[in-house]
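Below, chain A partners chain B and then partners chain C, in two separate complexes.
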Partner chain A sequence: MNLRILRTAFGTATRRALREPGSFFVATGFYVAVVAMVGTLWRVAAASHHGTLAGYTAVGLFWYIAASESATMAISLRLVEEIGDDIVSGAIAVEMLRPVSVVAVRIAAEFGRAVPKLISCILAGTAVSLVVVGPPRNVGAALLSAISLVLAILCNIAAQHAFAGIAFWIRDARSTWFLYQKFVFVLGGMLLPIQILPTALEQIARALPFTAMAYAPARLAAGFFEPELLLVQSAWLVVLIGVAAATFQAGERRLQVVGG
Partner chain B sequence: MTIEVSELSKAFVTGRKARRKTVDAVRDISFSVAAGERVAFIGPNGAGKSTSIKMLTGILHPSAGTISVLGLVPWQQRRQLAMRIGTLFGQRSQLWFELTPRQSFRMLGAIFGLSDQHLVRRVDELGELLDAGHLWDTPVRSQSLGQRMRCELAACMLHEPEILFLDEPTIGLDLLGKQLFRDLIVRLNQQRNTTIFLTSHDVADIESVAERVIVINHGEVIYDDSVEAMRRSLFATKYVDVGLAHPAEAPSLVGVTIAQHSPTMLRLVVDTEAQSIGTVVNAVLSSLPVADLSIADPPLESVIASIYSTARTP
Partner chain C sequence: MNGLQATFRGACAQAWANRRGFWFEITVMILNDLVWVVFWVLFFHRVGTVRGWNTNRILMLQAILTTGGGIVLGVFANARNIGRLAADGELDAALALPVPTLAYILVRKIQALNLGDTIFGVVLFVAIGHPSPSRVAMFLGGSAIAATVLTGFLVLIGSSSFFVGRNEGSELGFHAIVMFGSYPIDVFTGAGRAMLYSVVPAAFIAAVPARLVDSFDPGLAAGAAAAAVVFATLGVVAFNLGLRRYTSGNVWKL
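Take a look at the complex of A and B:
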């Protein structure tokens, strides 16, 4: 697999995303509303606990939500389902007729599709956070958060491919999407910092890859300068791409496409 | 041989646990195709055509049997094979709807390892060959189905494949669009010696494009010969159409059945092995008030339908 293919898949998908300005603006508007709402809820919660909650300040929590929502809303919310439908309907057969790895091209393309949304979420999230709570507590950590967001999105896309690949066997990805979404929301730290979870659940969350998809960039944006989070994300990215590739490779052998 | 298929079978498992059953989509089929041939692979719905094409292109793994396409085993060497074949599924697009064909070609060019200069030259060539250069910069979603199919054909021809697998390529096209598309396929075959392997339910596709017909039904090959031979061997039948000056009784002859009889028209179906056409014509001319008379072969469609129904009868 050469880089030119991945670069072209990325660029083509970005162009496709930019051809849909309507949905792009709606998604950004939705993101702003969610950040303002959930961020305010956490600010109020922190205020009622003498200004901090599990080590997070009210300002930090607002930035946390801005980053965690960027990480999850920049990619298609129902990607697992979309991939699963392509497998079950046989649409994936067209991609299998190309002399390249289906999963590698798909990940590059999904990343290309996510980048314009990610940029708009970062810009909108920064603007809303600055207006509502002011600048982040640690600018260096916030800058690292931008890199972490890219890794978070790649991890999420790879994991969704691994999850959706189950459709090769069970011919239905909808149930896996529901499960996956809940894992990212709670164990991934999208809705709340994992330190707020009961200790046992926090330990489980730390052992799973979902924290690489929301918690890591959000923790950095909240002002905790922990560059090691990028290493953890990178390691999970390698693992998740490997699992997705292995799932597809095994699944392609089991593909059942009947009819034209 | 470009394609060699031997005792190929594919069974799908459906249902779960107690209700699990095996459906034989393809059963023990064998055939071969030479380079540059134009072959129609036809059969009724559910006959196993698309399943066979998917095995030939490496998408599906067979349950039994062997396939060699351009010397490669499709399901084991799918990516190498993809470099040398082109595939067009009439019901599935390989172009990106939001983009122009030229932008999609850039993506496909990268996938097939074409250099930028080679890609530009190839896109220009195909624009000329398919008379479609003016479509390259119009977003696919703004194109008519006929225009889109020409772009689809260009997309699968980009890497100069040695074989084109076309699965229902004219589905949904209007009459003119279908004719144009058929002409393009034949021209590609004649100018580039590209092997054409076509499935279609449209008899006109078979008549216009194919030199040879393989008929599959219930997963088995039930006929394999040239289109001309299909016409000849299965045409022990002739239609004699008689225009009547005024209403009259039809003559009764051995080997002749009346297919249609109105006050002004009579159609006789003649089994030429039981009765000569000359005898029938003489009888008609001597006993009926003939205003007009013509002798015709049955349409290919009837022949194919008769092959399908023959195979259905145990």
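Take a look at the complex of A and C:
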């Protein structure tokens, strides 16, 4: 694997993201609005239950939402659709000419694009949370949450490539991002802690990789010092990258492009 | 048949041309909306009541929001694209036609994906809304108010591109109004709540119409209707004022 190419893909994407201040502003502004809205909802809900809900305090729930929204809003959830379009249009064929894995370069570039947004979300989320509910319940866990956010984003990017790779076979990934997004929203614990789900659904959620994409960093930010969540995320990251690579490897053998 | 009717028929035919894709997109959107229903059911099952909101009230809100929002984003799909069209100089072809420009742009494009919202909203109302003649009338009236306010707001913020050029404000405004509209408004107090009745009129695209269906109040209904008139007027005025400043590189691809 040529690491220099991956570093270049990462760095180029990061610089490109930093040169789009308009979309940067919109993304951060929208993030703040979402955190304020959803965080307030959960805070009010906890307050109506004597301050705690499913083991989470009102303060913890606000920090939970700030982290879970950071994990999902730092990357494009329409990535599934964008990758699918590149596969269906044949644009991906050009990338196959490089002496490095297509999926590896794409994951490196997407991660590079996500990093500036992630940093701005973390800063904005921390500021909003401090103003609205005060400091996190457990600072150590909150710091682990920052590492967990990086793993969450990598898991999400890898999973979206694995999910979108189906376009090699069905020639269409449009609109499927809606379904993927909802898996992350509910089973991934982005909208609500998985402890809120009915027991059976919570067990299903725990067995799926989506919790690595939102729940893990959010749980840590909420004040639960559970470093084992980082191990779970790391394991899922290896699995998801493997699945994405296998999907693309099999799909690239089927790809037929006319013209170009 | 006048020009607008012909344009609308053309937009329908275009959306219907790929029937498999048409139904696929509608199905995906219905599943998407269903997940939100699941979320709210789980939330209120666990939490109970939040400042007067319970499962029934939030589902009625979702029914109005998806029905009204689906009409705007599905049938008048270009309402969301006004800013981009103006900034990219893509209104030239519309200006040459013997029909009102704004009306032509609004009926020119149908987005099948969002028609799924409307179908979902109507089905949800039938399922949870205890339909009676008066409630059906209020649901239809409330959805019309929601659609009018949302269209006016989107045209208004999109028209800002005529004055300040390409900007991300309209996209942010779109996401903000839809997101704020989908949550129980009574969670907010003070200035935040006032904002949702004025600057970003999210209250009028869901919460207020939903309240009218559940308990009709003539004063509230008059206020909602007035909001619809105000935002529709602001949208039209802003667009027409902006059109006077419109310049382009002679692009013909609407």
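Please note the rule applied: the second predicted complex is superposed on the first by the 258 of 260 C-alpha atoms of A that agree within 3 Å, B and C clash if a C-alpha of one lies under 4 Å from a C-alpha of the other, contacts with A are read in each partner's own complex, and residues count from 1 in each chain.
We adopt the following convention: a contact is a pair of C-beta atoms (placed from the backbone, for glycine too) under 8 Å apart; a residue touches a chain by one contact, two chains touch by 3 or more.
All of these numbers come straight from a predicted model, not from anything done at the bench.
By the touch criterion defined above, A:4 lies against chain B but remains apart from chain C after alignment on the C-alpha atoms of chain A.
Within the superposed three-chain model, A:15 lies in touch with chain B and out of touch with chain C [touch as defined at top]. In the superposition on chain A, A:94 makes contact with chain B only, not with chain C. Residue contacts after overlaying the shared chain place A:208 against neither chain B nor chain C. Once chain A of one complex is fitted onto chain A of the other, the partner contacts of A:235 are absent, as it touches neither chain B nor chain C. Chain A contributes residues 22-23, 25-26, 29-30, 33-34, 36-38, 40-41, 44-45, 48-49, 53-54, 174-176, 178-179, 181-182, 185-186, 191-192, 196-198 to its touches with chain C in the complex. Of all residues in chain C, those touching chain A in their complex are 21, 24-25, 28-29, 31-32, 35, 38-39, 42-43, 46-51, 113, 166-168, 171-172, 175-176, 179-180, 183-184, 187-188, 192. Residue ranges of chain A in contact with chain B, taken from their complex: 2, 4-5, 7-9, 12, 15-16, 19-20, 90-91, 93-94, 96-100, 105, 253, 255-260. Taken together, the chain B residues at the contact with chain A in this complex read 12, 25, 45-46, 49-51, 54, 57-61, 75, 78-80, 82-83, 85, 87, 89-94, 96, 98-99, 103-104, 106-108, 110-113, 139, 167-168, 199.
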